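Multiple structures are listed underneath, in structure tokens.
Shared chain: subunit A. Partners: subunit B in the first complex, subunit C in the second.
== the complex of A and B ==
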């Protein structure tokens, strides 16, 4: 089976995000392969345990190369990097990625369920539509037999079990598996793996449907009033009083 | 004209629908509500109280929900009605459907808006980004735009003086190729988490399923909803429906009270906009205290019962 894994390079979840002149400034921030995408990479390597026929696909700035190397070090066979530092709306991203899918002809595409930069959940479904494929979003369990896929995924009020046929776009999330850490030998090997570079021009798709006007950090000022709990009854009395009299929420 | 895909349960409109209607009224008085799926007809009269036009589609191919079929249906309605904006609820189902519709219409997609403003020939929205650490403002101009509206961010609309018109619509749809094998619905007897004005949440620090009784007792005295961290859900102590965070629910209550929760970014992204944050943790260095308004440093096994008792005394 041939599998594509869409990956992104995003600020580390713990990183403090800064803004400069009304836009997020990632200068100096720790960047990493999006945690949500790692579940897809891991799942691809559980399906094709030798890593054969697994391809990382990244659409983003030059810095995305670190995330690509990480996915290769986890075990994917090779990568395609469409290099662009333009802000691309999701419909445009889906059109470009659909062309890559059509070139590569995979059976399965993995995509993170929500991206840690745009907080968007849209890419998997948008790509599926651009391909006229089905998708499974928020997948937590997956079983593939021949061309039949059984999956459990989260819906708004619980869980649902589905059965579908390949090809599919599957969006991944925590719970699907435990992503592996790359070993040192695999990190060395990954340095030699192929990353095919492409540009937006190669795909003849123009972006620009959505403009970013501004990005602001809103750190709400918190009161930070800490009470010592050595005397539980007194501490509880004090907290309930603060919530009643000062915050007026109970 | 604004087209709204209303969420309903076959009996009533869901709250998200009234929220989208109120957001739409601020943009354009001409509003059409589309009601799709089983029981849509039963909700039509209710919907007509709020908008000028209601379209009902009860095609059996719309059951069970499949984003692929729904996007086909909405495309046909949006094109025939010449909608300039399509609003869809920012629920999981809506955020799976909306990008499909945007691709079909080759339209800009603005996702999970907390604020919507009209601009010349287009729309400006604000939404959260970078795991809700950033508020981003986006703009698009086009003949048709698709947007999802984050639940619980808009007031609910009030009925109009005059009822709108109801039309039944026939569409040409392709049958779904997805087989639904099963569904587990998680319902709570307490107030719905996302609608609760107070939430009491427990984390891994609760230590066991049984110990969540301490959380439930406090929640019951306060009339609060019960939440859990992913750690507590993964341990099997609480149902997934109670999970708050990046992969769970987003809540914004007047007070969010949590015990045994460390304050991981993925958790904060689901509750960080709460008006007041209250934390109980034995570790004074726990990151949750950095975002807390009030906190008690101590053992939750002693603090939670004391809080329940103190809250009871206040209520009596």
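== the complex of A and C ==
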């Protein structure tokens, strides 16, 4: 089976990002392969365990190459990098990616469920639309037999089981798998793997339709809440409540 | 660990220009991209699997149940991730499944684990050190049997030197080796303090044991090195090799690493295999000691950095006191108090100065092995000899000072077990003791390294420092520091000359009486050199257009250099004066007068 994995590079979750002249300035920030895309890469490698017929596809600036090498070091076979530092709206991105899909003729395309930087969840859907393919979104479990796919799709307070036929666009969700780390020997092997470079012009696109006017970074104040620890059980309960209700992290 | 990340980038790429190594044949396949990728994996595994059980492993110490050592599960999970990623062989040749990383990058990766959880990191690092010993001095058959398994991380290794009656004085070890007709030896004796000496984390444990072949000369000339596995292969199976755990030691820190007393040959059936030739054991060990001691120095620096990072964050958020007297004004963060900034600056100066020195020393390890020019290889070896005791002893002594400041910044909270700084201090307290105490390092520095090869090492250090001083003179912001370092260096050189004169006229006792002070004096001078090197890079960077964060980073470097030169470097004059006076106060004090 041939699988395409769409990947992006984003600021690391811990990175302190700043805005300069009304735009996000990534200079000096630690960048990483988007965690949601990593689930797709991992899943592709679980389907094709030797990495054969797995292709990373990235659409972004020159710096994306680190993320591409990372996906290759995890085990993907080769990559296609459409190099452009322009801001491209999701629909324009999907048009370019659809052309790559038509060139490559994969059975399956993995796409991160959500972009870690912009929070957009639209790319998978826009690509499926551009291809006129079916899609499964927010996928937390996947089984493939011949050309039929059984998947679990997350919904707000539960889940749905779906069965569909290939080809498909599948977007990922946390829980789908635990992505592997690149091994040191594979980092060296990745260096020799092919990254085909392309430009927007190769796909007949001049630029996006949306222009970013201004970006701002949210200023989050620390709450500095102190919990009285005299009764440890009550303190733990209070902490869990705060993390759940206020911080919404658990 | 963000401070470490940024500082590694600075020291590796800007200060030591590690990417230039790709001009050497061994590293042609490497580039910044492969180095960064390896470091990224180290950070991810360290943060997710090592740091997360650092505290738990301290609370739930290893213990023995039904004759087996029990550790918390997280240790083996972390080591599995470390093993699967290939870190056991990071430095090793491609043919051996390694990544053939330069020493500096391999050490930088190790440092990341040392900062996250030194006790768990000790298991693989001892294995790597033992593997290096084997790869330098073992026979092909021994490498075939043991090294492959160690590089895969399936078998772990230990260094079994110390005995209850022989710690600093290894000449006095008693463990015996009796030759057998099949070429092997039977080992009998007890070893104490052996880190990672017993556990169930690996399929086998390969002990590297110092012992005396029966009839060998007394003292260090009669010590040989043996491989003594926990299980030996016999008829294709692994059999018990008569190595017994006599007990676990209960330590102040580093609790997650088992510290063992091991008995070899209680049943007379402990097989040992000679490494290299007999009676050369200590020579082999000492050849590996440079790297091991740099590792200890880096461990101390990492804990200094861990305390610094934690106390910095704390100082930025802890509100206490006011800038003005108005009680209605909100309290200010303690970082705004000058004395708290002093304590932070002292930590930063120690941790980042030590980091630069440790990685610089590791660049010398690399040059000694792979520099294409013969003279450079020899010079690197000479300079490394001199700097090793400083990397080891200065970093571990001052690393603890840094940790004291971290505790002090947290006030009462720092003294409680709810906050990590007390554990950091306890863990770090080991570093001035193992791999040769600070006292022994002082003797090694003055008694051997300064004296040997007619002072060639010190001449080289002088030459290198003068290069830096000349370069710093061209930078307006730091040219006064250059002047100060030149004066300090001259002072240190005059002191050394005076001591060497005393050695020939008054004997070694007086010469070495204040060797610890000498170590402090030269240590501070060398760290000042490292700070000047960093300040030059920073001054040049500041002449470019930079983001706010980057500007702050480089300004921080120049300011910390200034702090070290104003608050610490003047101490050299005091130490120098004492040394030049050939003071005998310590020597003349009598046991009964205490």
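Quick note on the criterion: the second predicted complex is superposed on the first by the 219 of 250 C-alpha atoms of A that agree within 3 Å, B and C clash if a C-alpha of one lies under 4 Å from a C-alpha of the other, contacts with A are read in each partner's own complex, and residues count from 1 in each chain.
Just so we're on the same page, a residue touches a chain if its C-beta (ideal position, glycine included) is under 8 Å from a C-beta of that chain, and two chains touch if they have at least 3 such contacts.
Model, not experiment: these values are computed from the prediction.
In the superposed pair of complexes, A:222 makes contact with subunit B and with subunit C alike. Contacts of A:43 after superposition: neither subunit B nor subunit C is touched. When both complexes are overlaid on chain A, the residue A:185 reaches subunit C alone and has no touch with subunit B. Shared-chain residue A:14: touches subunit B and subunit C both.
With both structures placed on the common chain, the touch criterion links A:54 to neither subunit B nor subunit C. Look at A:163: by the touch rule set out above, it reaches subunit B but stays clear of subunit C.
Looking at the shared chain after the overlay, A:27 reaches subunit C, while subunit B stays out of its contact range.
With both complexes placed on chain A, subunit A has more residues touched by B than by the other of subunit B and subunit C.
Once the two complexes are overlaid on chain A, the subunit A residues touched by subunit B in the first and by subunit C in the second are 14, 222, 224.
Within the complex formed with subunit A, the subunit B residues making contact are 67-68, 71, 91-93, 95-100, 102-104, 106-112, 124, 127-140, 142, 177-187, 197-198, 222, 230, 234, 240-241, 246-247, 254-255, 264-266, 269, 272-273, 275-278, 280, 284, 289-299, 302-303, 305-307, 309-311, 313-314.
Listed in rising order, the residues of subunit A touching subunit B in the complex are 11, 13-14, 17, 19, 24, 89-91, 94-95, 113-114, 116-123, 125-126, 128-130, 134-135, 137-138, 150, 154-165, 173-175, 209-218, 220, 222-230, 232-233, 235-237, 239-240, 242-244, 247, 249-250.
By the touch rule above, subunit C contacts subunit A in their complex via residues 2, 5, 29, 31, 33-34, 36-38, 40-41, 44-45, 81, 84-87, 89-90, 94, 97-101, 317, 319, 547-550.
Within the complex, the subunit A residues that touch subunit C are 14, 16, 18, 20, 25, 27-28, 30, 32, 65-66, 69-70, 73, 181-185, 187-188, 190-191, 222, 224.
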